[in-house]
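Paired with chain B in one complex and with chain C in the other, chain A is shared by the two complexes that follow.
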Partner chain A sequence: MPKTLTVLLMDPPYEDERTTTAFRITDAALGKGHNVRVFAYEGAVSLTMADQAPHPNPVKGTSVDDERHPTTKDWASALFGSADGRLEWINCGLCVDERGAGNWIEGPRRGGPADFTAWVKSSDATLVIPTH
Partner chain B sequence: MTKVLSVLSDGYRATVEEQDDTVLWFTSMCAKELDMAVLLESDAVNYAVQTDDVADLNLGGRKAADVPRLDRDVDALMAKGVAVSYLAEDLIARGIDESRLIDGVKPVARAELPALFEQFDQIWHW
Partner chain C sequence: MGKYLVIETRSPFGSDEVLGDYETAGGLASRGHEVTLFLTQNGVLAARGTSTAARRLAALGEGTTVLADEFALRARGIGTDELVLGVASADAGRLVDLLLDDGRKAIWR
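Right after this comes the complex of A and B.
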């Protein structure tokens, strides 16, 4: 029987390993047929920004093509693509506004704490992954 | 109603930029639908200290209109019915005397944490 997991993220892109861990947990849960709801709070609203672009690496001497480096929005898109409708993602609207992060990929929607509390009440488990 | 304990360890994380502690703010918003309580630990125990004078922020001639008053935010949370406690050992470790704290915050000893956690359906550790 599929279960529903709600995950709250706070870290902006490229600041902490917690983001990758959260993506791994999400991917694993989706892979097992469960439903996952991601609430992106604060800096995490930038994870799905459509304008992210990969770059070459002058230290390694590699081009953009050589790097083959998915940005966080690419990971999020991949998770949506593999989720078969079982991934929901909310970007906290006030956090989006103050960061100018409103141009995001297909998949997330705007929301707020009321959405999170509704998810908490209707999920089997809630995982809060804070920033530091 | 789902009972949730918000454990706040990180103190003063972007509080001037945000004009809030965003975890206290989020907890306050969630208190509309969930039975919330707060435990302050580590540097966040400072939020319970009564603060009479908070310096302005003035950069390039622009002033911050609303410098955060975190002791008042804790007070406001308690006025909404959110119980706020603090880890007693962390207050002692920071040389803060209990007499400096706002009314209403309750000490919890580290040894009492398991019993405290048992009272809640969920623990959100920020």
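Right after this comes the complex of A and C.
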């Protein structure tokens, strides 16, 4: 029977392996048919910024295609694409405003701590992944 | 009694707090709680049989389920045949099952 998992993220992209682990957990939960709600707080609101772009490595003389850098917005897009409506994503509005990080991929919506509280109350489990 | 999931992302070689986390997991188990310690990220470094922390994990394994994330193991070149006795490999799906197990409290470390 499908359940609902809420995950709170705080890390900005490209900082810590916690982000990768969180995406893996989300992917695995969706793969098992569960519903996942992601609440992106503080730096994590930049995970879904549409303006992210991979880059070449001029030191090595490699191109964008050579490097094949993954971007977190592409990972998030892939999750939305495979979720069939079972992934919800809220970016903390005040955190977005502070960072000027309002241009997102399709999928996330703006919210606040009250939304997180409501999700915690209505989910089967909540995983808080704090920054250390 | 309660059910707990302790997700350990750090190695005891990088933070002294990790040994405290092992003690917490063991302490909960000794009081009759059902405890799973799930090692991921650098947390799996302690699970290699030749590591100096392996003995502590093996001791925990007697009263606690200790699992090591197979993705993190692969990323660090640790084979499942290198794991200390009492530690088993597990995938992200198993972690999801534990997270969504009714009544289980999850602690991310």
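One rule holds in what follows: the second predicted complex is superposed on the first by the 128 of 132 C-alpha atoms of A that agree within 3 Å, B and C clash if a C-alpha of one lies under 4 Å from a C-alpha of the other, contacts with A are read in each partner's own complex, and residues count from 1 in each chain.
The working rule: contacts are C-beta pairs under 8 Å (C-beta built on N, C-alpha and C of every residue); 3 or more make two chains touch, one makes a residue touch a chain.
Remember, predicted model here, so these are calculated numbers, not experimental data.
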Fit or clash - chain C, chain B, common chain A: fit
First, second, both or neither for A:P130, with chain B first and chain C second: both
Partner chain in contact with A:A29 - chain B first, chain C second, else both or neither: second
Which of chain B and chain C A:E42 touches, first, second, both or neither: first
First (chain B), second (chain C), both or neither touched by A:A114: first
Which superposed partner A:T21 touches (first chain B, second chain C, both, neither): second
Broader residue contact with chain A after superposition on the shared chain, chain B or chain C: C
Lowest inter-chain C-alpha distance for chain C and chain B in the superposed arrangement, angstrom: 6
Residues of chain A that lie at the interface with chain B and also at the interface with chain C: 126, 128, 130, 132
Residues of chain B touching chain A in the complex: 2, 4, 10, 13, 22-23, 26, 29-30, 32-34, 122, 124-126
In the complex, chain C residues that touch chain A: 9-10, 40-42, 71, 91-93, 95-97, 99-100, 102, 104, 106, 108
Chain C-facing residues of chain A, complex: 3, 5, 17-18, 21, 24-25, 27-29, 31-32, 34, 124-130, 132
Of all residues in chain A, those that touch chain B in their complex: 8, 41-42, 112-114, 116-118, 120-121, 126, 128, 130-132
